[in-house]
Amino acid sequence: MTAIVEMRNIQKHFGHVIALAGVSFDIRPGECHCLLGDNGAGKSTFIKIMSGVYKPSDGEVLVEGTPTPFHSPRDAMAAGIATVYQDLAMIPLMSVSRNFWMGREPERGIWPFKTFDTSKADEITVTEMRKMGINLRGPDQAVGTLSGGERQTVAIARAVYFGAKVLILDEPTSALGVRQTANVLSTIDRVRKQGIGVVFITHNVRHALAVGDRFTVLNRGQTLGTAERGTVDAAALQDMMAGGQELALLESSLGGTI
Amino acid sequence: MTDVINGASKDERIKPVSPLRRALIRPELGGICGTILVFLLFAIVAGDSGMFAAEGVMNWTVVSAQFMVIAVGACLLMIAGEFDLSTGSMIGFSGVMMAILSVHLGVPLWLSIIATFVFCVFIGAVNGWLVIRTGLPSFIVTLAFLYILRGLTIWGSVYFTRQTIIGGVGEKAAGDWLAPLFGGKILTGLFSWMGEAGWIATFTRGNRAGQPVIDGVPMLVVWAIVLVVFGHWLLTRTKFGNWIFASGGDPLAARYVGVPVNRVKILMFMFSAFCACVFATCQVMEFGSAAADRGLLKEFEAIICVVIGGALLTGGYGSVIGAALGAIIFGVVQQGLFFANAESSLFRVFLGVILLTAVIMNTYIRRIITGER
Amino acid sequence: DGEKFVWISHGPDSDSWFNVIKNAIKVTNEQMHVETEYRNPPTGDLADMARIVQQSSAAGVDGIIVTIADYNVLEGPIKDAVAKGIPVVTVNSGTVEESQKLGALLHVGQPEYEAGLGAGKRAKEAGVKSFVCVNHYITNPASVERCRGFADGIGVELGNQMIDSGIDPSEVQNKVKAYLTANKDTGAILTLGPNSAEPSIRAVKEMGLDGDIYFGTFDLSSEISAAIKDGTINFAIDQQPFLQGSIPIQVLTNYVRYGVAPANSIFTGPGFVTKDNIALVESLAGQYR
Amino acid sequence: MTDVINGASKDERIKPVSPLRRALIRPELGGICGTILVFLLFAIVAGDSGMFAAEGVMNWTVVSAQFMVIAVGACLLMIAGEFDLSTGSMIGFSGVMMAILSVHLGVPLWLSIIATFVFCVFIGAVNGWLVIRTGLPSFIVTLAFLYILRGLTIWGSVYFTRQTIIGGVGEKAAGDWLAPLFGGKILTGLFSWMGEAGWIATFTRGNRAGQPVIDGVPMLVVWAIVLVVFGHWLLTRTKFGNWIFASGGDPLAARYVGVPVNRVKILMFMFSAFCACVFATCQVMEFGSAAADRGLLKEFEAIICVVIGGALLTGGYGSVIGAALGAIIFGVVQQGLFFANAESSLFRVFLGVILLTAVIMNTYIRRIITGER
Amino acid sequence: MTAIVEMRNIQKHFGHVIALAGVSFDIRPGECHCLLGDNGAGKSTFIKIMSGVYKPSDGEVLVEGTPTPFHSPRDAMAAGIATVYQDLAMIPLMSVSRNFWMGREPERGIWPFKTFDTSKADEITVTEMRKMGINLRGPDQAVGTLSGGERQTVAIARAVYFGAKVLILDEPTSALGVRQTANVLSTIDRVRKQGIGVVFITHNVRHALAVGDRFTVLNRGQTLGTAERGTVDAAALQDMMAGGQELALLESSLGGTI
């Protein structure tokens, strides 16, 4: 099975900060590929390149085998990549429904008088949110009044609703309680079954192991390789994330004093 | 698994909030209360001064309509997260440009008007482009244009006409097909019928005796209504309106989901320039002359209307209806103080106090909407 | 008794010249037992002024006194007021013809261009060939008219000889100095009111040019009259604002009460105040002169 | 373990940066380059007009000193993260208050001056307190005071004196002990000696022929220098200066480590009001009169000087020296255009263009300092 | 040994969000007390109350046995509590030395002419930073040009330098590489040996176990109890943080599908 999106040897520099030093990654239909890594490893930077927010300093992005440079988030969306960002990409002062449709508003009417089809938008928003287990007070409730978990769920519901061939979730579970986490994980499972590739970013190894098919670990801008499901366990992943042997070395150096 | 899903909708960390309080809360609430208060106030202090007779109503309506025209532009721009200090200079500039072209360079009036609109909207785009490209605050960029445009206006009018006031546009307007769109009046038939029927007062003396005191609705008022309706429709009913909110609320987030933030902002700068041009053109057509000092400090007045109307100075929140109410408050207070025979210098004191109270009240309302932060 | 009139000017709130008018109104109100309100656009915007005219006729006053700051702008509102049967007297700037076209009873005032022209002719007699016109309010049309008249009176092009001085006194003073330093052969200074005259007097004195350079100004203030006495200023054009404030009220009162009015317009200026007649005016300058 | 510690200082993710480029970079670099450019420009176009003779130098020095006085206040306030649109109105207000007190209410001049300073600094504190307490942007709060103070000024001067220009302060100043501190001149002896010795030019024409063209340094210039030195010292050499930077850079972070952010901001509002008062008092003492329209638009001019001088509109970054250079640029350009006989209305155009270029250049410099973000 | 600071039944509400629902905690001299918890558990909120930034909605703070309400961060500092905040409390546009001394600038000279003693400040800054393993280009380098790890180290060096009886570190290792982490951990050890109590907040169980004496786990605003060193292992802590049994429940519910 060929990859839907393949990233080859991606580098990214911010001024004199080297955030990514050559990372390769691919995602196939119907799989959940987990991207793991400690804080600051470069996970968010990496998927921002994948969704067209940043341009890579070096390296290639291939969509279904053809090199496809993304110039803007719209390009990535057009290529079927939907992203739920870590910083949520939600605007607190706007209503849930407006946030849900932001950038892809449904329209009604003929050209100069095309209007935002609010009734359709509201209806679908409420339905989709109910599917995700959130009962809204109303679709015009401001996102600012939602809890972190609810906001996260709006973002996921939005990405799921708009279909797409690849769904990227950047730490979707980090602000969630256990029940909402369960919900997100089972949503990932549901989405994957529809043949969509899911990129699931987290630094919680347990969440990753619960749904992942493959696991890629980033450490300080570099990839430490990709493992298949079943070939690694929680402890091994945790070790790779935290810098494995190096930390062991450290523990022995502290060992005498503690 | 259904159990898990239903459970997710409850979060034991959220306290319940009274739904009644929520029902009352909307961005223009402050504007609505303010308008009612102001009308009550002047009904008491100036009720018998003719302020609420047909002619008086028309008087403050026209003034409010003026504020409304620029407030709509400023409002949409502010919601998109920027503001424009060059509005006032733009008003002076476009009037003088139009007058020089038509009166001194002999260009037909309709062509002068169109050329002026095109050029001013272009300058609006330059403003926007500079803000986007340099990443500078719009305060600085538009402050520069406040000076540049005013300087060019004075220099141009003195250079071409050796005067800072340029008359003679009135004669050019006669017979022009475009001029009535800005300087004409509508519903004249209706008003003369109302006058005959005794619905409104008529002139009792002089050479127009028998004619109604108001002979029609000036196009300025029509423009104000059209712009408010258009602005409100654009903002609340269209896709683009959603993009305006998004660009002002969080440009980065908006860009990530594919909203063309730069385009939205530049278009709003252009719209603001367009509104300034409408203001200037209506004024030039009505009075038949342009002057280099027109529009002085109008940028602040537009911003004040918008802010009184509940918009957030930092963008992402507000309402065109609110801005229109802000303009009505501004106009009624300004003219009402004349009707009430108050010392006119106290108008400014009054205005400052209204601004402060309105904004504090709006902040309180907004905190409730966005969940007390 | 108790007729209500309005006196509508184009001066912004902070304009000092119209103070004499205000004082005249107060005095005349007491003399004639009427109520006259002084009104002006707060920022000097003439469009706002037109609204005030409309508003006054809406309020149904017994008479309107208005300056013709710009004929085009005020034409509509004034004609409407006249049509409504409200007697109108025009004052200050504007011409008699304009006043008649508007249908006003009469005009009380001083035509700006002619005043400048007269001053220019005076300067020409004194042998002046170049000048600087210190314009502290360049956006006001009347100010440019005065400078133009002066240039035409001398018989030279206005050109760069009008400077946009702003109202900050130190800036005015230093701009005048800069101009005089760069243009050493400047023959005359024309200032358009106390705002530009007072700093210019200081500039001239500091450069030691007092008495040497021909200096004319519009309007009076205590500092200007002092400068006339010590010879720094050759003449001040006095349009006797007190009369402009007072006469229209008297005319309107008599017209409303008894239906009588003068047949011709009344010129209150230009009156030239010089060293010879300064003693008369000095004591009241700024308040009633 | 030493190995671990040494290793920590290197981070393989940081690219090296040229140290030469770093050495050049300081907040006032833009101001320095701008000043040099402006002087060069006018040396070329107006070199022979007397602009750089003793008298010409004094000419633009006085104008620059005026700008400097208010720019210092605006600069410190802006670094502390706020700005003050009421500066201009405050200038008008304090002058008129002082004149009414001394001329019309018969209070001794020194007491009037002190009372005015106390009251104005108090209003500055009210400004600051409102900004802190309501959490509103300082734009709105000080805009309200722009209107309120100007309204009170005009109303007060008309109410008390029936005039908007109040003269007669000159006579009161004679013999007063405090007045010379604002209106006097120093070093008069030195200058007349220099004139006799032929070091500076003497008048050749008119009735002061033989006297030196400059008879002393006005106290305004002394105040400007004192305020710049004080501001620079305060900002760079004291604990409090560090707090100013911290309050503007990140108020929350500063508050967490114990910086009294609210106090700092309110004090800076007070200092800005103080500077406006110094400006007004020097002007009133020099000219002997106060007027209600003094200071119009000075708030923008102060902000422009500060921004040209490299400060960041959003706070936390800037330099008093930069602001002073900005004031010099402003003054030299304004006066230089007169010396160069340029059309004076083009000054505004020039100013706008300088503002834009200076700010764009400063942004570039700042990006380098803060690590390209 | 009595506690230096004791927090009793602390509650904190933000509007209608209940961030802390009654948390008790104490810190004794010379110990390292780790506060663990998932994202959003309320760790940062809790220590902000401890350092006087927020006032608790309910509950008591006791310093050496006496109830001491803190009205501002200055009060907490005066009581000997130094804090390194998660959001760093560093101002990027200011120099390292100025940031280091912010709020506690050394002065020189007599009263009206007291100046910020920059030479002393610079000297100490450079020395202290070198002690922490950072060689500055110069003390006037802007903090904005430092890497995340270097910034974190400045903040820690500052807190350590100013002594204090309690040192609070909010996720000090989250932005650091392995080597800098080792450095921070050994610094904690060094500080503890001087008799200072250290509150170490993290969601990395391995880092906590390396230096902690006691472990308190927060979960959704509530404390799940305090464990002594040696009585718990990594897996147990991880389970408590992620919501233990609840997650087990979830896994079984997903189990059928994955």
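In order of appearance the chains are A, B, C, D and E, and numbering begins at 1 in each one.
Heads up, the rule we're going with is that a contact is a pair of C-beta atoms (placed from the backbone, for glycine too) under 8 Å apart; a residue touches a chain by one contact, two chains touch by 3 or more.
Keep in mind that this is a model prediction, so the values were computed, not measured.
K.L.:
Which chains does subunit B share as contact partners with subunit C?
P.N.:
D
K.L.:
Name the chain whose C-alpha centroid is most distant from the C-alpha centroid of subunit B.
P.N.:
Measuring from the centre of subunit B, the most distant chain centre belongs to E.
K.L.:
Farthest chain from subunit D, comparing Cα centres?
P.N.:
Using the mean of the C-alpha atoms as each chain's centre, the farthest one from subunit D is A.
K.L.:
Whole-Å distance, subunit D centre to subunit E centre, using C-alpha means?
P.N.:
Distance between chain centres: 43 Å.
K.L.:
Round to the nearest whole Å and give the separation of the Cα centres of subunit B and subunit D.
P.N.:
Using C-alpha averages as centres, the distance is 34 Å.
K.L.:
As a quick test, compute the distance in whole Å between the mean CA positions of subunit C and subunit D.
P.N.:
Computed value for the inter-centroid distance: 35 Å.
K.L.:
Indicate the whole-number Å distance between the mean C-alpha point of subunit A and the mean C-alpha point of subunit E.
P.N.:
Computed value for the inter-centroid distance: 30 Å.
K.L.:
Of all residues in subunit C, which are in touch with two or more distinct other chains?
P.N.:
13, 138, 164
K.L.:
Among the residues of subunit A, which ones contact at least 2 other chains?
P.N.:
17, 147, 177, 179, 182, 186, 220, 250, 253
K.L.:
Going through subunit D residue by residue, note those that touch at least 2 other chains and give them in order.
P.N.:
Correct list: 1, 4, 13-14, 17, 154, 158, 343, 345, 347, 371, 373.
K.L.:
Could you please specify the touching residues of subunit D with respect to subunit C in the complex?
P.N.:
46, 49-51, 53, 55-56, 59-60, 62-63, 66, 92, 153-154, 158, 162-165, 167-168, 203, 205-209, 211, 213, 220, 283, 286-289, 291-296, 298, 334-335, 338-341, 343-345, 347
K.L.:
Please give the residue numbers of subunit B that touch subunit A in the complex, ascending.
P.N.:
On the subunit B side, the touching residues are 1, 4-9, 11, 13-14, 17, 19, 22, 233, 237-239, 241-243, 245-246, 249-250, 252-260, 312, 316-317, 369-371, 373.
K.L.:
Which residues of subunit D touch subunit B once you look at their complex with the stated criterion?
P.N.:
Those in contact with subunit B are residues 130, 134-137, 139-141, 143-148, 150-152, 154-155, 158, 300, 303-304, 307, 313-314, 343, 345-353, 355-356, 359-360, 363.
K.L.:
Which residues of subunit C touch subunit D once you look at their complex with the stated criterion?
P.N.:
Result: residues 12-16, 19, 22-23, 138, 160, 163-165, 167-171, 174-175, 177-179, 181-183, 194-195, 198-199, 202, 207-212, 221-223, 286-287 of subunit C touch subunit D.
K.L.:
Over in the complex, which subunit C residues touch subunit B? Could you list them?
P.N.:
Contact set of subunit C toward subunit B: 13, 37, 39-40, 42-47, 50-52, 54-55, 57-60, 70-73, 75-76, 80, 82-85, 138-141, 143-145, 148, 158, 162, 164.
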